[in-house]
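Every chain is named by a letter (A, B, C and D) in the order it is written, and numbering of its residues begins at 1.
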Amino acid sequence: MTLGLWSAIMAVAVGAAVMTGVPLMVIVERRGSAWMQRRSGPNRGGPWGLMQPLADAVKFAFKEENIPAKAHPILFVLAPALAVFPPLIAFSVIPVAGSVNIGGVDYPVQVANMSVGLLFLMAITSLHVFSVLTAGWASNNKFSLLGALRSSSQMISYEIAIGICVVSLVLTYGTLDLREIVKLQEAGSQLPAWGLFMQPLAFLILWVCAFAETNRLPFDLPEGESELVAGYHTEYSGMKFALFFMGEYAAMFVASAFLTTLFLGGYNVPFISEETLRNFFLAKGLGLSMASVATCALQALSFSIKVFFFMWVYVWIRWTLPRFRYDQLMYLGWKLLLPLGVLNVFLTIAYTYLRPHL
Amino acid sequence: MNAVLNEAPSIFMWIASAFAVFFSCVVYWSNNPIACAVALMGTLFSTAALYFAIGNYFIGAVQILVYAGAIAVLFVFIVMLLDLKPHKLRSLPGQGAYLSFVTIVAAGLAALLFCTLAKTPSEEAGTAFQLSAKNYSEYFLSHYQVAFQAAGLLVFAAILGAIQLARGHFGKKENT
Amino acid sequence: MNEVANIVAAPLSWIVLLPLAGAVLNGSLRLKSPFNGILATLLCFAAFILSCLQFAKFPEATKLVDPGYLWFQAGHVKAQMGFELTPFMSVMLLVITGVGSLIHLYATSYMSHDKSPWRFFAYLNLFVAAMLMLALSSDLIGVFLGWEGVGVCSYLLVGYWYEDEKNTRAGMKAFITNRVGDLGFLVALFVAFAFFGTSSVSGILEWVADPVRAAALPAWVLTVFAFGIFWASCGKSAQIPLYVWLPDAMAGPTPVSALIHAATMVTSGVLVFVRLWPIFGAQEQLLTLVFWVALATAWMAALIALTQRDLKKVLAYSTVSQLGFMFAALGAGAPVAAFFHVVTHACFKALLFLTAGSIIHGMHDEKDIFKMGGLRSKMPLSHLAYLVGCIAIAGFPFTAGFFSKDLILTKVFESRGLVAYLLLLGAALLTSFYMFRSYTLVFWSKPRSKEAEHAHESDATILTPLMILSVLSLIVGWLEIPHVMGHVQKFSQWVEGSWTVALRGNEAAELNTSTEWLLMGIAAVGSILVAIYAFKKYSTGPDTSPETVAWKVSFNKFYVDELYCKFIIQPFRKVGCKISVWVDEWILDGFLHGLFGGYRVTGQVASIFHTGSVQSYAVLMLLGLLAIWEVARIW
Amino acid sequence: MTTAHLILMVAAFVFSIGALTFFMKRSAVVALMGVELMLNGVNLILVEAGQLHHNAQGTSLVLFVILVAAAEAALALSIFVILYRKYGTLTLENYRSLKG
């Protein structure tokens, strides 16, 4: 089995996982909001309403596709595709679990093990702007364009804070390789050596930015219903709208995975190293391949739990906090998060410089 | 997919190259600024793909991050914001002569570039080679120290300039 | 002189730096009156105290030095910014700083109602600094710096009230005339560089004293050097033909006249002369020339002074005349006598000028002595001071002028014979006449104008220096009393150690006692008689006799200014006009037209490519790059 | 034909087409895109040469180029906005006030 084939398999697997996670998340969100608001929510389709996303999907698929007469025909269609594409690509560099040993060779559970994974992740997520901008402009609708403009400036503004925080993280870890970053977080006796404990400020800033990057409440101004009808996807219907929907949830997954990988030790099971786990399963009498597969399964579970924690917080926040005003949003991004990020960089530099002397 | 440079190009390389050439042609031929901007983005992406293909992931990632993620967005943004209508190519007296002259110059330039650079000898080309971010940072902090600082200063100046321009002190005051 | 040289290091540079600091501070702080004057006076007085401390180091030390630093070096030419002090210069140092301090004090009151006294005091301090530089510098370049510095300050101070065009003209006249003289200094400096290879004073003197090295020099070198210095001294010390600036320089404020034109600047020529005496002493022909020029100057100035009506002009011409006496002494080969006269003259001339300032102040800026009269009772202290000054300068027995002038006359008699002596004596008697003429006209008879009736005595700040200077004028001469009268030779003994070679005059045979008594008696009695005659003649008021030709010639200063104007200035101006017109038309305009035409043609050619379209520029740029690339490739 | 040659050809082509775009397009924004294309071609050659010679020194220049391109694009585009506000057009032929 070549690395290329393995990558292809992993691509399918990860893609499928994300695509499964999206409808799951939809039902979680709808039921969760209902729960928080003391109402029932969708509970008719299947047990506990679990079939509801399927019904939604069917509904979207069969709805009429509407393309406005004055819209730019190509870009109008291209935009939803661009919305799904970056998050899926971005997921390719995120390590989901340790490595699987097949025929004596270790294969990392990851689509592409890239030496500059962190940079790549940032680069790809920054492309999300394109879909929003294109959608807003191609719709030839003032609400769409306003939403698109709001969205793009918001995303670009918060990307700067993200970049600054990533600088301090790189200073801490000394590498851009996400898998190595995860491995570095494996150690630790009392506390796991997670980024959360090494870079708490960066964690907070990045977490806030993650909300802004995915256009979620409290930063959902691009699609603020009360102001802009539905923002940049006002003119979209049917499957195209569904793609935007999926793109948003996929982006949330990427952001959660990003935070997990950088701050919560990625796929690491707390306090238990990959070595220990493998040895545990080997001791149970499994072969090397099976032991590694079992280990990876456990790690993937750990990873999923952490990601779903962040996903749940997304939902939680959405139904708890009101929407920001636009100037407040910009104030927060430029005048609070960015200076804090810069401060954090300086603190990190000082710490990195002084650490050998401490 | 880490290509060795003096072997025959892989199919991936061919595809990426074809895209780069195609999109750059579109930038030239299309009359619609939006199409040009999108095609520019396509070229930049194809180039990034070539970087990945020859094993320079760092430059590839930076290319996407800065060029595709920032510069191309700016272009699209401006084109959309100013709502530029499709343009024809230049129409001047003697346009045909000018066009052929410029085309010959460009073709000659391409030929010259190719001929000059293709002759460059390379001993190490037979093996794959990968540069990491560390290599670059070592250069930036030793060899190119001054240039690095100057570039930082340049970016700072550009930020200030852009802000000043955007505040509109140079243009006509709008009464909206 | 015969002992082993005892050279001691001393903080001499501070003596120069203190007044310089005063100039800078006054110029920059712009203090209100009287604080600017107090600052200037204090700094000048500090320099005086420091000078006294240095003075006290003699005669144990033969020479004080402050090596300073290397100012610049070009090839083998080194200019050392260093200072040295010989016993003779130490006396001059006391005169400069001491009299300077008194004049500063005087000016504090005198200038208090001026518009910008800080400017005045800045110049005044700068002047003192430059003068000290001139006196102390161990290098001829440093001396030249001070030389030019006093020239500049003189220009600034004479033209201090620049609103009046007359004053600025006088300042420019002083400056330009001095420039003509400075040419001589420069020539001497170049000669020093070319032949001695050094510009340090002691270096030059050593060179000359060394018989081997001196013999190797061409004979004309020392003559040219000496003549250059003499020419420069003519400019600075107002000898014929360059004396014309000094009377006009009376346009400046009176303290300036006192400081520059009496005590210090005008004596700088004599100073340099005396400092370099070993060179001049050997130039017999040059000394003869110096003597006769000086005699002519003394006579001419005295004759002009006989008829002047402006009080300060009278004093100015008397200064020129006294300078003639000093140079006559030099020409007679008696530097000590000349220098002694410098010192005494500094005292009584400063006194006279300051008193004149006090009078003019009391007369509300009226300078015409014909409009004064009867001030004796209104300004008793000024009257006393002026009287003391007059008897001192006229050479009444036992005053300062008596001893110094007597010394000069004796020396002239010794070396130049009877005729020269009688001529010089005549000039001395004329001095007595015109001084008592002015004295009588100012203080006796009745007031001849409103201002004179309402004249008032000056305040204590002005009178204090007058009193001090009066006392000095009376007693300073006792430093050097002819041996027939008691043989005090404090001054010459003090001064003698300053040169490493012997003074020529010392070896001359001494006159017998009766001759000496006779000479002294003639001078003293003559001056007293002339003074009484003048007093009688003018006690009733100014002369009302018809204007004779001689009177006109004297009153119009021998028409020297007019002659200079006609025969020197106007030809120069004509030639200069021609040259400037030619240069302007052909060289400057031609250059500009050529430049302009060249630009125009180039611009016309270049503007073909200047289409205003960015893209065509880009094509051109690309073509250029390709061309460069090809050239580089083929290379 | 090796990979190196292919990349070289692509780079030369992209550069030339960028130059052509810059010379021929009437819209200032598109002309600027031509500049970006030219820079991109140069970058490609630099990276390729760095890979060829196993040397990061030249390749570091690419980062400078990218940085300068970013600064240039930001400034140029804001200038375009101003120009558009002032003249209502971004057609390069209309900006000829510097004609000599």
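Keep this in mind: a contact is a pair of C-beta atoms (placed from the backbone, for glycine too) under 8 Å apart; a residue touches a chain by one contact, two chains touch by 3 or more.
Only a predicted model underlies this, so the values are computations on that prediction, with no experimental measurement involved.
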| item | value |
| --- | --- |
| Centroid distance [mean C-alpha coordinates] between subunit D and subunit C, Å | 76 |
| Length of the line joining the C-alpha centres of subunit A and subunit B, rounded to whole Å | 29 |
| Centroid distance [mean C-alpha coordinates] between subunit D and subunit A, Å | 34 |
| Inter-centroid spacing, subunit C versus subunit A (mean Cα positions, whole Å) | 94 |
| Touching two or more other chains - residue numbers and ranges from subunit B | 62, 70, 77, 81, 90, 102, 105, 109 |
| Two or more partner chains touched - positions in subunit C | 615, 619, 622 |
| For subunit A, residues that touch 2 or more chains besides their own | none |
| Graph class of chain-chain contacts, one of line, ring, star, complete, other | other |
| Those chain pairs that satisfy the touch definition | A-B, B-C, B-D, C-D |
| Subunit A-touching residues of subunit B, taken from the complex the two chains share | 1, 34, 38, 41, 57-58, 60-62, 64-65, 68-70, 73, 76-77, 80-81, 130, 132-133 |
| In the complex, subunit A residues that touch subunit B | 4, 72, 75, 114-116, 119-120, 122-124, 126-127, 129-130, 133-134, 137, 145, 149, 152, 156, 159, 176 |
| Residues of subunit D defined as touching subunit C within the complex | 19, 22-24, 31, 92-93, 95-100 |
| Touching residues (chain side subunit C, partner subunit D) in the complex | 603, 606-607, 610-615, 618-619, 622 |
| Subunit C-touching residues of subunit B, taken from the complex the two chains share | 90, 101-102, 105, 108-109, 112, 116 |
